[in-house]
Structure formats: C-alpha cells, structure tokens
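Both of the next two complexes hold chain A, though its partner changes from chain B to chain C.
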Partner chain A sequence: MSNPPLLEVKNLYMHYHISDQEIVKAVSDVSFSVYEGETFGFVGESGCGKSATCRSLLRLIKPPGEILSGEILYKGQDILKLSPRAMQQFRGRQMSMIFQEPMTALNPVMKIRDQITDALYFLKNRKTEANEYAVDLLRRVGIPLPEERIKEYPHQFSGGMQQRAMIASALGPKPGLLLADEPTTALDVTIQDQIIKLINNLRDELKMSVILVTHDLGVVAQMCDRLAVMYAGRIMEMTDTVTLFSKPRHPYTYALLGSIPTRANRGKKLEPITGAPPNLANLDPGCPFKPRCRYAESVCGEELPEIRELKPGHWSRCHFLDKAESFQGVIEDYQQ
Partner chain B sequence: MSHINYIVKRLLQILPVLLCVTILIFAMMRLIPGDPARIQLGENAREAAVQALRLKMGLDKPLVTQYFIFMKQLITLDLGTSLLYKIPVVKLISQRIGLTFSLAGVSMFFIILISFPLGYIAGMNKDKAADQTIRVISLAAISMPSFWLGILLMLFFGVHLRLLPVGGWGSTPLEHLKGLLLPGIASAMVTAALVMRNLRNSIVDINSLDYVDFARSKGLMDKTVKKNYIMRNALLSAVTLLSMRFAWLLGGSVVIETVFALPGIGKLLVDSIFARDYPVVQSVVFLLSFSVLVINLITDVLYAFLDPRIRL
Partner chain C sequence: MTSNLNKQGQHLVIQQHLIRMKDSLRIALRNPSFLSGGIILIVICIIAFFPQWFTDYDPVAISAGDPLVPPSTNHLFGTDNFGRDVFARVIYATKIDLQLAVVSTIVPFVVGSLLGLLAGYYGKIIDMVIMRFLDVLMAFPFTVLVISIITILGNGLQNIFIAIWLVGWIAFARLVRAEVLRVKESEFIQAARVAGFGDRRIIFRHVLPNAISPAVVYATSYAVLCMLTAAGMSFLGLGVQPPTPEWGSLLSEGRSFIGVAWWMTLFPGIFMAVTGIGFSLLGDGLTDFLRAKGR
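And now, the complex of A and B:
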C-alpha cells in the first residue's frame, strides 16, 4: 500500500433534494481509497447508500440527486471538477460499471455486438477490428460460440449469459477500475459462483481494480481485499476482509455477522438485527445505528461518532470501540 | 425468414375477422326496415319493377345463398350502382379515395412534425418549464374537437387572412394541397397531442432505465445514447400509436370532410346515408373496415421489425 491509491474519495456527500422538507441523505461523509489491482467491497442492507456511492463515482446521479461536496480523486485528478464532456470521455475508458439486473441493463433493441463495439473508442478502424475484438471479449467472459451469439439480441441470452455480455461490454473500453453493483444478486447460486470467479480472473488478467457493492457477505469473503460496511449513508467500519470477519470492531458489523449462518453458529438460532434501518430523509442527530444497537447509551442519541482509525487501515465509527467483543472464528468458516 | 412467417400468420389471422365484417354488413343491410328492392327503387316504383329487382338481387333465395351472392359480388368488386349518382360504386369510390388518403397523409405529416420534436423536448426536460408548457398545450389540443378547430382555422386563415380556401379541393395539384392544409391540421391536432404525450412519457421512463445509465457509464457520447438507446426504444410505442391512429384518421374523415366540403370517402358516406344510397354505404363501410384491418396488420409487422423481441 505504499503506492498512491488509484482512487481516493474524500468526504463525499450526495443527497436527494426531493423538497425543502424532504432531503434524503443517501451518502454522507464517505471517504475511502482503492489501490491498484485490489477489490474493495461495500456491504450493507438495502438502501444504505452503497449503490448511490457507486453511481456518484461515475457522476451518474440524476436530479433530484446531487453531489454536494467531497473529492473523487482518480489518479490524483478530481473528477468532480471535470466538464461534462471530459466526464463523458472519462467514463468507460477509466472507470466503468456493471449493474445488478443484466436484463434491464442491456438495450433490448440492439444486438450484443453493437452494444460492445459502440464503446471501443481506442480502435482506429472501428468497422473491421471491432467485430474481432468484441468476439474475443465474449470468448474471454466465457460465452460459447461467440461468433454466433454476438449477432443475437439480449433477450436471446440467459440471465448468466446476459451478465457475462454486460461485463464484456463494460470492459470493452479497458477501464482501470470496474464498479460492480450487486453483480450476482439477480443470478442463481451456481451462476453466481461462476461470475465471481470470472470477475476475479479478469481483474488479475487485465490488472484492474474492482469496487464491489453487495449485501452478500459470502460474496465479499470470496472477492474483496478490503471493505467498508455502510449504514444509513455512512461508512461504519472499514478494514481488510480478514480483520473484518475475525476482529470486527463495530456493533453493526457484529450484528451483520451474527445474522448469517456459519459453521460456528450451526444448530443455534440466528440473531436477526431487530428493527429497521432509519429513514434517510429524517435522521436523528446521533449515531444512526443507535435504535438497533445493543450497546447504545445516552451519548449515542446526541452525538454522531466520528470515524476513527484504530490501527493502520482499520477504521470504525462508534463511541465505545473498546466495549466491543470480537467475533473470532467467523472468517475461518468462510475460507474453510 | 421468421419475418415472412410472421407476416403470413398475421395475414391468415385477418381472414376470420374479415368474414365477421362481411356478415355484419350483410346483416345490417337485411335488418334495415323495409324491402331493399323497394328502398332502392323508391316509394313510387311499380310493383313489377320491384319484383324484377328482387329477383335480380336474389332476395327470393334463402339467406345463406344470399350471403354467398353478396360475397361473390364483394370479391369480384361488383358492388352495384349508386342510386344517387347513377354510376358504379367502384368507380365512385375510386374517384374519391385519393382525397381521403391524401388528407390522412397530410394529417400524418403534421402529426409527426408537431409531436416528435415537442415530445422529445418535453421528455428530455422533464418537469422543467418547456415540459410543463408543452403538456398544457397538448392537454388543450386533446380537448378540442376537430370540427370545432376546423371551423376556427377556417375563420382565421380562410375568412380573416384569406390565405387558404375555406373549403373544397380545387382542380390543380397546388389547389389540392392548399385545400388539404387546414383540414389536415384540424384532424392532426388530437393525434399529435396523443403521440407527443406517448413519446414524452416513453422518454421519461426510458431515461431512468439501467440500460441508459449503462450506456453512459461506458462513456458513449450524449448524442449516441439519445439516438440508439433512448429514441430507438421510445419510438417503438410512438410508431405503433401513429400507425393505429392512421386508421382513426380515415374514420375521422367523415367529420373533417363534411366541415371542409371535401369530396372524399367520408363525405360520400355521410351523403349516401342521408340519401339512403345503400349500395354505397355498404361498400364504404366495408372499405373502411378493411382499411382498419390492413393498417393494424401493417402496425404489427412494423412493430415486429422494430422490436426484435416480438415473435409470434
């Protein structure tokens, strides 16, 4: 980690300004770094701001959403300062994104070929080379008979094949960083595993970095080097994957780990997190996790804890970091 | 290949509907009170002449036989002679059909000219001033009956400004065109507003879909995204609606041709109904029904060509 990070996000705020009374604070004070060649994960419940963070990175937020402040430094350059034209040229070539639902992320009336070749900016002769390049991409993402399948439309592909085609399309312009927004959620388990392996292999082959957004801790364990746990638009804990599973230092992280089945808690009842995530339009001044936290005290309702670095690379946002017990052994179950 | 199969299938599906149409028209003519032969010849005709016509029309034969005779006449285009104009119905219709289709064509031109740009602007600027304004205008346009708009246009451009004729269709191509402008606009307005709203809503919907975000996330140029991703999908339903409204325009010609005194199929139908010119009424109704069927077929085929997901 001595090299400068590929992507460095500092104090990003993105809110949906629905009306003067209703402002949905989707992303608040999010800071993190992604280094070259690594996979960085965002985990959390639905609506915690992980996808919104992802879309903010590519400035794909539509009104009433608005990035209020912060910096997104890619190779040292703040992309929030890019002109719309420069931003358009930044997308794809530097950073591209794959979506949760492959069926809705592919244009239904365009052939797969055209949806890959339209982003191959670097080819001088787009007509002759593009087809060959697109076939090669499809072959790399594991689509059988790519020469034939490339002439088909998205609806002629199965869900897993659509996901592969979307990955091929996103990787066409050779990005340095791939944002994967729940890439396996819409797929069944056997296909999930194939897609995870595919993304891992492509990351190594193409020497890219990956930001993975998911609510699936199993996927995180298989893919991520480091990760951030998000809650109510904020990062609650951020560290490397091994530490997070073995020595988590935030009550929300314990709660998350306690609510999934592992070998250690086999035969025991799972402990769900009681209550529901807060309404992002109506947040209390204190810690957003307070109503559901079993360690909460009065200070938690009054003051939002700062995110603090416990050890190099391990960050957590809690007033009572020392009280925390640790969940030894969880990671061993994941790695088997 | 699959497209040809699809077209053949749809053609075959038309046949039963067409059969129903012929039965309806046949029944309609038989359900009119009184004797068709007597109606054709008038109240004062001699009994012998009526009898002779009854025999000629086959009215003494059983209904089923009569229906087959009717079908034979339809297929061979032997539609009889107009009672009012005293010329064969086929000739009468062929003289007037050009006007009605030209009128529908001119309307179509105005519909596209008005609805596509406005729908595009409104959809791309959702909830902004341009969108709000266009939506108010379209609501007004939908609420205006075409005959009333026609009269207003006539008053303003014809009587007040004296730029265009208030009615009629002239004798040279230029006069034809001038005569069609006002009725074209009048009958275009409602459909233009509908197509505009359809296009606007499609664009708004599509704009929030993942494939548009995905296209942008790959760094495609704004105009490529708008052309290949947004408009190509938005036009699917707009073109279908447009095509279906063409049939509606043909039916609407009844009103608009009457208002503007244009000698087309619509006016012919109205005149024939008032004159109890049954052979003409029967033929025009059949022609209009047939046109609707053919236009619906064209719509479906068009849709299948535009949207690769359609296979029947």
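And now, the complex of A and C:
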C-alpha cells in the first residue's frame, strides 16, 4: 500500500435537488482510496448511497442529481474536471461498470458479438480481429462454445450467461477499474458463487481493481480486500475485511453483523436492526444512526461525529470510539 | 476427443440455428394475416410494375366506337364514356396509387422518426420546440390540412406528396418520441454510456432499433390512409389530372354515369379496397410477429 492509490475520492458530496424544500443528500463527505489490484467494497442497506457513490465516480448522475463538491482522482487526475468529451473517452477505457440486472443491461436487439466488439475502439480490423477478441473474452468468462453463442441475442442466454456476457463487454477495453453494482443480486446462489469467482480471477489476471457494491455481507467476505460500511450517504466504518468482521468499531457494523446468521451465533436469536433508515431529504443534525443505535447518548443527537482513524487504515465515525470495543462481544468466525 | 466433442457440439448449435431461422420464417408465414396481406401486396406490386402483362389496351387511347360498353370478354370491366377500356385504366392506375401509398409514407416515416428520436432523447428545448410545433399541426384535421396545403401549392401529383409529407410526420414523431422516452431510461442505455459511447452511437445503434417497431406497424396503416387521401384529392379534382388513370379520379369520372355504367366505379373501388386490406393485414401480421419476437 505504499504505492499511490489508483483512485482517490476526497470529500464527495452528491445531492438530488428535488425542489428547494426537498434536497436528498444521497452522498455526503465520502472519502476513500482504491489501490491497484484490490477489491474495495461498499456495503449497507438499500438507499444508503452505495450506488449513488458508484455512479458519481463515472459522472452518470442525471439532473436533479448534482455533484456538489469533492475530488475524484484517478491516477492523480481529477475526473470531475474533465470535459464531457474527455469524460466519454474515460468511461469504458479507464473505468467501466457492470449492472445488477443483466437482462436489462444488455441491448435486446443487438447480438452479443456487436455489444462486445462495439467497445473495442483500439482494434482496427473490426471484422476478424474484433471477432476473435470477443470470442476469446467470452471463453475467458466461461461461456461454452463462444464461437456460436456470440451470434446469439441476449434473450437466448440464461441469467448467469447474460451476466458473464455483460462482464465480457465491460472488460473488452481493459479498464483499470471495474465498478460492480450488485453484480450477483439478480442471480441464484450457485450462479452467484461462479460469478464471484470469475470476477476474482479476472481481477488477478487483468491486474485491475474492483469496486463492489452490495448488501450481501457473504459476497463481501469472499471478494473484498477492504470495505466501507455506508449509512445515510456517509461512510460509517472503513477498514480491511478481516478487521471489519473480527474487530468492528462501529455500532452500526455491530448491528449489521448481528443481524445475519453465522457459525458464531448459532442457536441464538438473530437481532434485527429496529426501525428504518432515515429519510435522506430530512436528516437531523446528529449522527444519522442515532435513532436506531442502542448505545446512543444525548451528544449523538446534537453533533455529527467526525470520521476518525483509530488505527492505521481503520476509520470509524462514532463519538465513542474509545468505548466502542466494549460495546459488543467480538464477532468472529464469519470468514471461511 | 475433446475437439471431436467440440465439433459435435458446434454442429448441433449450427443445426439449432438453422431450425431457429426456419422457425421465425414459419412463424411469419403461419400468421394468416401476414401471409394473406403479403400475397395481396405482392400481386398488386406485380400489376403495378408490369401492367402490360395483363392488358393489351391503351389506358388513355380514346375509341369513339364503343363508349359505355358493359363488361364482356372483350372488355373485362367494360368501357367508359370515351370508350377507353376500364380494366386497362384500373391496371395502369395501380402504379400511381401504389407509389402514392409508399412514397407518401416513407418520407414522413423517416423524418418523423428522426424528429421524434431527437425530441425524446435530448428533451428540454429541442423537445419543446418540436412538440409545440406538432401540437399546432395536430389542431387541424388531417384532410383539411392536406386540402389547404394543396390549395396553396396548386394541383398535381407532386403537390399531393408535399402536402402529405408536411402533415404526415407528426404521428411518427409522437410514436417514436414516446418509445424513446421509455427506452432511454433502460439500463442498457446507461451501460452504453458507461462503455464510453457518444450520443450519436447511442441514438442510432441502441435507442432507435428498440423504439422503431410501433412506427413500422403504424406505417402500414398510414400507407392506406395516404392512398385514400390521395384518391380523395383526385376525386375532388385536386390531385392527379385526367386523362392519367388513378383510382380516385376513375371513381370521380364514373360518378356521373353511375346510373348507366356501374362498372366504371365498382372496379376501381374494389382494387382500392383490396390494396387497403392488403396493407392492413400486413400491419396486423407485423404487430403479432414483432410482439412474438420481443418476448
């Protein structure tokens, strides 16, 4: 980690201006770094700003959404300052993205081949060279008989195959960073496992970095090197995966880990997080997790805690970091 | 061993492909509307392009000898008040009427789809301008607007085309715009943007093919409308001028003699109706087929 990070995001704010009275603060004060060759995860409940963060990185936010401030440095270059034309060149080639629903993210009236070869701007001979390249890509993502399947349309593929094809088309231009927005959510569990392994292998093979957005802690454990727990548009805790699962330092992380079945809490009752996430258009001044936090004290409702680094590489946003260790027993044994 | 298996598999896949292609052809042909509409239009096209195969009579030559002769083996559809063979006139009129139907559909189809595409995709000011202009045109009934444009431009085949072109694009623009609004929110459009594609490529390669099918289906019924409008204009004396044969003007000529020579109006009317039915059936079949394919 001594190398400079591939991607460095500093104090990113992205809000939706629904009207003058209603401003949805989808992403607030998000800072993180992604190093070369690693997988960085975002976890959290629905609507906590994971996907919004992801889309901000590619500047895919449409009005009324707006990136208010912050820096997104990719290889030291601030992509928020790129012209629309340069941004277009940037997308796909430097940073690409795969989506949650492979069925809707592939164009139904185009052959798989065309969807892959269209993005291969660097090949001159479209007919033969691009075709070979695309066949090779499909073979890499594990599609049997790629020479034949490449001529088919998306509806002739199964869900898992569609996701593979989408990964192939995203990886065509060899991006340095792949954003995976819940890539396994729409798939059944056995296919999920295959896709996770596939992304892991491709990351190592192509030496790229991956940003994974998911609400599935199991997927996170299998894929991520480091991760950030998001809540109400803010990063609550950020550290490496092993530390997060074994020595979490934020009440929200405790609550998350306590709400899923693991070997450690076998036989015990699962503890759900009571209540619902706050409305992002109407946030109280204090800590957004305060209403649902069992350790909350009066200060939590008045003042938003700063995110602090309690050990190198381990960040957390809580007023009681010193006491946090004693809040709940160590959750262990989650990882295989 | 593996390569052998592979080969077998490839062979299987190729076979499946052939079956699939045959299937979609068979689905299309099994659809009774598509099949019958197609056959009718093919026959009409043959008549239009090779009228001389069907009759030896000249459609405009006047023979003073036998005016208003009823249908017989000599004159299949009888003769008109100038002694011209009605069958020959109906046959030679097919080309003009088919041309009216097709040409006056294609131009509004292309222009309207393009404008609808731009309005739907870019929205904002472009959408506002195109749609408000369209609203103004929509306020007038179709036929009234066509008649008034022809009145300004003057009679003649060309001016019928121009009038229909000027009015016709609005329906296509509306249809395509509505589809574009649906399609452009799809995830695959965002995926295309993520891949670094520009607007032009996204519009023509990703949005258009997904948004065009309702317009294609509408085009078939619009062709009927155009044909009838053009015939109506000729009937009113605004369109094709005599002695050029055209179904609408044939009807108009026959009107004065309908008491003594029913054949002068009946046969052009039947031809017009059959061609219209052909287009409609084709459109129906196309709807079914596109729906089946879009599944």
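One rule holds for everything that comes next: the second predicted complex is superposed on the first by the 328 of 336 C-alpha atoms of A that agree within 3 Å, B and C clash if a C-alpha of one lies under 4 Å from a C-alpha of the other, contacts with A are read in each partner's own complex, and residues count from 1 in each chain.
As a working rule, a contact is a pair of C-beta atoms (placed from the backbone, for glycine too) under 8 Å apart; a residue touches a chain by one contact, two chains touch by 3 or more.
It should be emphasised that the depicted structure is a prediction, and the values quoted were computed from it without experimental measurement.
If you put the two complexes together on chain A, you find that chain B and chain C bump into each other. By the touch criterion defined above, A:Q89 reaches both chain B and chain C.
Shared-chain residue A:N107: touches chain B and chain C both.
By the document's definition of touching, neither partner reaches A:R263: not chain B, not chain C.
By the touch criterion stated above, A:R294 is placed in contact with neither chain B nor chain C. Across the superposed pair, chain B and chain C both touch chain A at residues 58, 60, 88-93, 96-97, 99, 101, 104-110, 118-119, 121, 155, 166, 169-170, 173. Listed in rising order, the residues of chain A touching chain B in the complex are 55, 58, 60, 62, 88-93, 96-101, 104-110, 114, 118-119, 121, 153, 155, 166, 169-170, 172-173, 179. Against chain A, the residues of chain C that register as touching in their complex are 6, 9-10, 13-14, 17, 186-188, 190-198, 201, 205-206, 209-210, 294-295.
Partner chain A is touched in their complex by these residues of chain B: 207-211, 213-222, 224, 228-229, 232-233, 236, 306-309. Those residues of chain A lying in contact with chain C across their complex are 58, 60, 88-93, 96-97, 99, 101, 104-110, 118-119, 121, 144-145, 147-149, 151, 155, 166, 169-170, 173.
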